[in-house]
Each structure stands twice: as C-alpha cells, then as structure tokens.
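There are structures below to look over.
You will see two complexes here that share subunit A, one where it goes with subunit B and one where it goes with subunit C.
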Partner chain A sequence: MTKQQANWSPYDNNGGTVVAIAGADYCVIASDTRMSTGYSILTRDYSKIIQLADKSVMASSGFQADVRALQKVLEARHLIYQHQHNKQMSCPAMAQLLSNTLYFKRFFPYYAFNVLGGLDSEGKGCVFTYDAVGSYERVGYSSQGSGSTLITPFLDNQLKSPSPLLLPAKDAVTPLSESEAIELVKTCFVSATERDIYTGDKLEIVILNASGIRRDYMELRKD
Partner chain B sequence: MNVSDSTPAMNNLMGSEADSQRTLYPYVTGTSVVGIKYKDGILLAADMGGSYGSTLRYKTVERLKSVGKHSIIGASGEISDFQEIMRNLDDLILYDNMWDDGNSFGPKEVHNYLTRMMYNRRNKFNPLWNSLVLGGVKNGQKYLGTVSMIGVHYEDNHVATGFGNHLARPLLRDEWHENLTFEEGVKLLEKCMRVLLYRDRSAVNKLQIAKITEEGVTISQPYALKTFWGFSAFQNPTAGAEGSW
Partner chain C sequence: MFRNQYDTDVTTWSPAGRLFQVEYAMEAVKQGSAAIGLRSKTHVVLACVNKSTSELSSHQKKIFKVDDHIGVSIAGLTADGRVLSRYMRNECINYSYTYESPLPVGRLVVQLADKAQVCTQRSWKRPYGVGLLVGGLDESGAHLYYNCPSGNYFEYQAFAIGSRSQAAKTYLERKFETFTDSSRDNLVKDALFALRETLQGEKLTSSVCTIAVVGVGEAFHILDQETVQGLINEFEIVGEEPTPADETAAPDQGSGAAAPGPSEDVAPMDI
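Let's look at the complex of A and B:
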C-alpha cells in the first residue's frame, strides 16, 4: 500500500493587484477589492490595504489568510513599539520590520506580495516593494499581484524612474502632482481590469500626505 | 483550488509516524451551506446529509447550530471536525458567560475566533476539514461571514460554501437586495437549495433553514423541497438516438 499523499495545499491565491506611487510630499497606495479562488469570485468588496502606523500603509495581495495574519503580526508589533518608544514607527522602520517578519517564515512563507507606502522622516513619499520572503528595496513606485505584469511596464514608461545606480543618486519620487498620480493609478487599474481576470470590481485608493490620510473609491468592471 | 498534490519538499516535512495523527482526507462530509442577510437579520440554509464518499450515509445531520445568543454557524466538510469545532465554541461561550459581566460574544468575535482556529490548524498541517458560515445580529448590526479550511475568510451580504459558491452565489448576486422580507429571503434560499439539489450529487432533499434576528435564533424543523422531474425529454430519453441508453 503506497503512502497516502496529502491532497490539500496550505496555500491558495486569492488574487488582486496592488500599486503604490511616491511623490515629493505624498504617497498613493491603491488596490482592487476583488477576492477570488480558482475561477470563482468570493467577494467583490474586500480591502487589501491597512494602515499600520501614522505614516505607513501596506497593501498586500496573494493568499488572503496569510495576508491577514501578517497584518495582525505587524499591528501587534507596532503597538509594542509604541509602548516601548512612546512614538509611532517611521515608514523606513516599518519597512525593515516587514522584511524581518517575512524572512522569519522563510521556510514556510507568508504567501503575500506586499507594497509598503508612506512618508519618510523628511515628509517625502516613500514606497517599499517586497517579495514573499522579505527581500525589499525602496523605489519610486511599484506594483505587485496578479496584474503587476500588466501595470509595471506602463508605470516604467509613464514615470521614467532614474536608475538607482546613478551617482550622485537621483530622487526616485515622481515630480507628478498628487491628483496626476491618482489619475495615473486609476488608468493602471482600468487597464489591468480589462485583461486580468483576478482584477476588478472596485478600486480603493489611499492617499497619505502632510494633512493626513484619505480614501478614494472608483468602480471597476465586474466581469 | 487547494486540492492539488503537495510538493516533494512538503512531504519531507511530514514524517510517516506522524501521518496517522494528521487529517489527510475527509470521511463523512456535509455539502453546501448558503447564507443571506435580510431585513431583520440573517438566514442560513443547509441540508441534512452526511455523505461517506459517494454513499449518502446519514440523512439527519444537523449542520446548522446556534452559538451563544447572537450567532449561528453552518458547516460543510468533515462532520467530526465540525463536532470538534462545536466543542471549542461551546467552551468559548461558556467561559464568556462565566465572566458574568453583561458582555457577550457577537458574531464578529466568533468569526474571528473561528478564523484563527482554522488558520492555526492549517499552519500545523493538520486542518479542520470544514468550510464554515457564521451569521448573527448584535445591537442591530447584521454580520455574515465565512471561513475555509485554510483560513481564507471574508464577510458579505450573501455567502456559500462548496458547490454553493458556483451555483447559489450567481443567483444571489442577481436577486439579493437590501430589505428582503423573511418570506422573500426564504424563497430565495429555497431557490438556491433547489438548484443545488438538482445539480449537486451529495445534496439530499431534507433541509433546515435557520433564522437569527435581534430577538434570537430559530432553526426550522427539517422539510423537503418540491422538485419537478416530468420533463418530456426524460420520458423517452433515447428518442433521438435509438439503441442508446
């Protein structure tokens, strides 16, 4: 009698796309709100974005149960940080924490594809992009998830980010205004929705700037 | 979805002596659960079948249970794992009551507890083989959520497990609206359950509907749906192809 194999996988891909763009004094973080499994849509109204700290917002796509667990771990760690340091975590600090948290499960990873956006200690927009096991870098813009292959080349074309290899280092944040960046994000998602079956339903945009945080929504195709 | 073979790398993580201690596949299973929000609260429907593979072994399995004062749970999947979940939930509610502090767990809290329970078992590679629906009303707030065996969870105005996702959700997306009356809600659920009865091999024609409102929980007596099989094409099925069967 051959040994019985497990016929279930601890992972699933619940789809979705996330995007973030850093500006001179703002950061835009966006995601669709569709949650899928296989060829079925589970719900059309699930937020993939969470505010971890005053100036840090994370958007994650991938396996929803892992994403939620990751969010809870980071929320808890931030609470402890506040107790110990009597202040909010800065975005670069949260970026390092996220990387360490992901690598901690290097041999049973969080199947989560993250993008962390916010304002750095100088008030400039910052975006950090990650893989599932914590490898990360600060960039001017990023896209992760099922529609990322469609969106990233478009952003490369529109935002023309300077090479990180340049000396002296050139600023990666876009010279676009906040409203221009929001329009760009909407365009990204409308296009991705056309061709990616896992992206659609509704777009949630979070904008972080000196005045605080606000949310914007836009309907997307539901097919 | 998540019923693909595990990779060779995964198998090395799970020793053979430990195999007898982990769930590898389900034995006695329940099929779909369907739930909707309506004007006064939540309605859940599930049939009373417990299948043993392809045998419809048990026909009086109660897959809808109340949890505390404010919630009901519906389960599909392995029945024994559901019984284990109920033991945990009954303990949870008991300890909540023993605080005697005037506070009681609402559906949100119970759903969160279930999600953590399912996810933590998945993390240990020993899942509770269920898909659960959790609905309830507390302080006028309606709540309807679901959790799968690997911890995927969400809330919505209408939810379903298993085949219900494929057959019932499309019907609900078309016909659900806010402020359904109780009669409209039951009619809509029965429509879903009838389609499932026709098209899901593990469905049985004996179902219960559970209602929860601010006033409390009611789980109906079992009853059967009217079905129609008198299609002329069924009368003489080989009419168009003589010699076939």
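Let's look at the complex of A and C:
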C-alpha cells in the first residue's frame, strides 16, 4: 500500500522573467508580459511591474496570484506609512518592508521572485533582489524568473564593474548611461526569448530617474 | 444645560427621554474652534480656524486626509478626532484592498455613526467629544456630511460647527443656493468668507486658518499657507462682502441646522 501523495498544489508558476539595472542617476526595471501555465499561454499582455511609491518599482515573476496579493499588501502598507509620516516611503525602506512581508509568510510563502528598483535618498539608482522568503541584498543589477539563468551570466559579463564576480564589486552601480542600459536590457530579453519558452510576447521597460517615471514597450517573439 | 440627577451615566435616561451625557458631548463640539464645509456638484471645500494655545506652540491639526477622495475637518476634542480619523483611514484602506475601488462616502459616514452610537450605549464608555465634517467624492458626486457624537449624521450643502459657527452659518444660508454650480475657486472664496465671519473682526490670515479641497480630478489636499494668503489678499483688495444685520436665520432644508439653545424641550440630536 503506497502512501497517498498530494495531487493538488496551492501554487502554480506563471513563468516570465524580470530584470533591473541601477545606474548613477536612474534605474531600469523590465519584464516580459507573457503569463503561462504549464505549456499553455494564458495571456500575452500581463504586466508584472508595479510602482509602489514615488521612487520604488517592483517587478515579480512566479505565481501571479501571490504576486498580486503581495502587491496589494505593500500598497496598503504604503498608504498607512504616508498617513503616519506625511511622506512617501524611500526605496531602502520599501526594500526592508518587502523583506519583512515575505518572511511573515515563511511557512506558506508567497511564490514570488522579486526585484525592487528605484532611487535612493541621494538620487542614485538602487536595485534589491529577493528570494521567496525575503532574503535580500542591494545590488547593481539583478534578474529573476524563468529566463534569469540565461540573463544573469550575460549581465555579469557586460556590466563588469558592479558584478560581484569581481569580489567585492568594484562599483555599486553600472557606469552605463540610461540609453545604454535600456539597449542592454532589450538585448537580454531578445536572447532569453530565443531559448526560454516562458519568456516572450512583449517587453515592458520602466525607467525611473530624477524627472520621474516613464514606460517603454518592445515586441518580442511570440513563439 | 444645568446639572441634574440623570446626567451621571450615559446609560441613564432622563424622564424627558434625553441622554444628557450625549448632549454634553455635543457641547464639547460647540466649544471647539470653528470648522466649515461647503460643496458644489464637483468639489468639496473644508476650512477651519487654527488657534494655538500660545505663540510658542504649534497649531492643532484639525483637517485630516482620509483617502484621496475623502477628507475630514473636526471640532471639539481633537484627540478623539485624531483617533476617529485613523479609524476612517483604516476603513478606506481595507475597502480599497478588498474591492479595489474607493469607499463611497455615504458608507464611511454610516460606519462612523454606528461607531459613535456604541459609545452612547455602553456604561464603560463615553461618547466621542468631536464633531466631524466629512467631505468626499464618489460615483454619486460630491458629498458633505456632519457626524455628531450622538451617532447621528446628516448630509449638507454647507455647514459650520464649533465656536461662533452661527455667524458662518448665517453667511452660508444666504449664499448656499449658489454653491451647487459654483466654480472651485469661488467655493474656496466662500469658505474663506464664512471663516472670516467666525473670527468676529479679527484679521483673517493664512496663519489662523487651514483650507482643504477635494474634487473631480483633484485628490484631497490641504492648501499651503502661501496659496491661502494669496486668496485672502485677492478678495480683501476687491472689498469686503457686506454682512447682513439680521441674526435670526430661518433653518432651511439642506443648510445649517438651528442652533440648539438651552431649551429643555427638544434634545439637540433629534433635530
């Protein structure tokens, strides 16, 4: 008599890839817009990126139901913060809040692989990268999701100075200009789309800098 | 109102069917510094007088943002007002979280009123000593409500509460018919005029008052001192609005309620 195995999982993986790169005075956060389940595509036009505060943008791949729930909790917490402190949360503060929120569900985690990008209090770009239970680190760039194994080594190679392969990283942020960083991100996704079946359809890029926030879109292969 | 043997507990009725503790709580609102609200079809303006106890201290905060589409101004025990504002903010956040849409103003004031009523029917509680002018926007348009310690609430076109609010109500009763179609700027101007009435001759400057606006396409926000002073200067140069000599104002439907004097027959919360 073999033991009965659980055949229902509370989780699903909707795939997708997210990337963020921090520059001297900007931050680029990008993700594809494909949402899948198993070998099927649910939609080609789903945004994984959300602006949580003036200078904090979060992109998350994984189980999008958990991602949405996590976004709502952070949005509500940010409103409370604004009422209490009469100002917006800084990106490092939001980073800590995200970590605490994730660890809060340590024993039934949010299946969300997050990357938080924004500007710190000095106006420099910052990127924070997380695991599903809230372990986080400030880095110069990061990639999470199904295409991350393809993109991360490429970014290590291209963004040499903030790369932790040169231990410790020579620079905290990339010396690239904003437009160079955007081109690099586009290249990352085009390559990842070729080999990762869960990445494709469309690329959404969010750029945060001193003048504010803007969005760029680019078509990706749909197969 | 005079002390009597039925006013010790909030849970004791008087033979005339009144709850004196609740009425005393409403007295506390009348002692607070004035707060005024007016609304048009698309905007609500809240204004209040900010008097500090001494030159050395800061002003009491009397206007609170509850959500992007709702704000509240208070008169009475400001500590109670602060606590109720926190409650209102939480309710808005929870509603937004569940329904991903803004809490309708009418729903919020009912919840607030029910919360106030609880304190009129528990022997271990006391009524909240604060009156709230809740101004907000929702799908059905712009709204202004008055929530009082008794647990009653009313919708108004314009209203004033707190000390010397009768002077403001007199002004508002004269002008309220123009408010519905008023422009945003004229509404703010009318709020400043009404506020000036409560100051009884004292000079109106941006340091003694606070103005807040919420409207279609305009999230609730408090106007900064500079803007307010600019508006005051504008109309002071144009000339004083002539104030009427009559003190008695006939209570009109939709405008300010008649001030309950020390009459023994009608309880204030029943008006």
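Points worth noting:
Just so we're on the same page, the second predicted complex is superposed on the first by the 207 of 223 C-alpha atoms of A that agree within 3 Å, B and C clash if a C-alpha of one lies under 4 Å from a C-alpha of the other, contacts with A are read in each partner's own complex, and residues count from 1 in each chain.
Definition applied: a contact is a pair of C-beta atoms (placed from the backbone, for glycine too) under 8 Å apart; a residue touches a chain by one contact, two chains touch by 3 or more.
Just so you know, these numbers come straight off a predicted model, no measurement behind them.
More residues of subunit A are in touch with B than with the other of subunit B and subunit C. Residue contacts after overlaying the shared chain place A:131 against neither subunit B nor subunit C. Touch criterion not met for A:120: it reaches neither subunit B nor subunit C. When the two structures are aligned on the shared chain, A:83 is found in touch with subunit C, with no touch to subunit B. Legend: residue contacts after superposition of the two complexes on their common chain; A:194 is shown touching neither subunit B nor subunit C. In the superposition on chain A, A:54 makes contact with neither subunit B nor subunit C. Contacts of A:178 after superposition: neither subunit B nor subunit C is touched. Taken together, the two complexes place no residue of subunit A in contact with both subunit B and subunit C. Per the touch definition, subunit A reaches subunit B in the complex via residues 3-12, 14, 35, 37-38, 40-43, 45-46, 63-65, 68-69, 108.
Here subunit C touches subunit A in the complex through residues 65, 86, 89, 93-94, 96-97, going by the rule given at the top. Within the complex formed with subunit A, the residues of subunit B that make contact are 1-6, 10-11, 14, 16, 19, 22, 24-25, 115, 119, 122-123, 125, 127, 149-156, 165-166, 169.
Within the complex formed with subunit C, the subunit A residues making contact are 72-73, 75-76, 79-80, 83.
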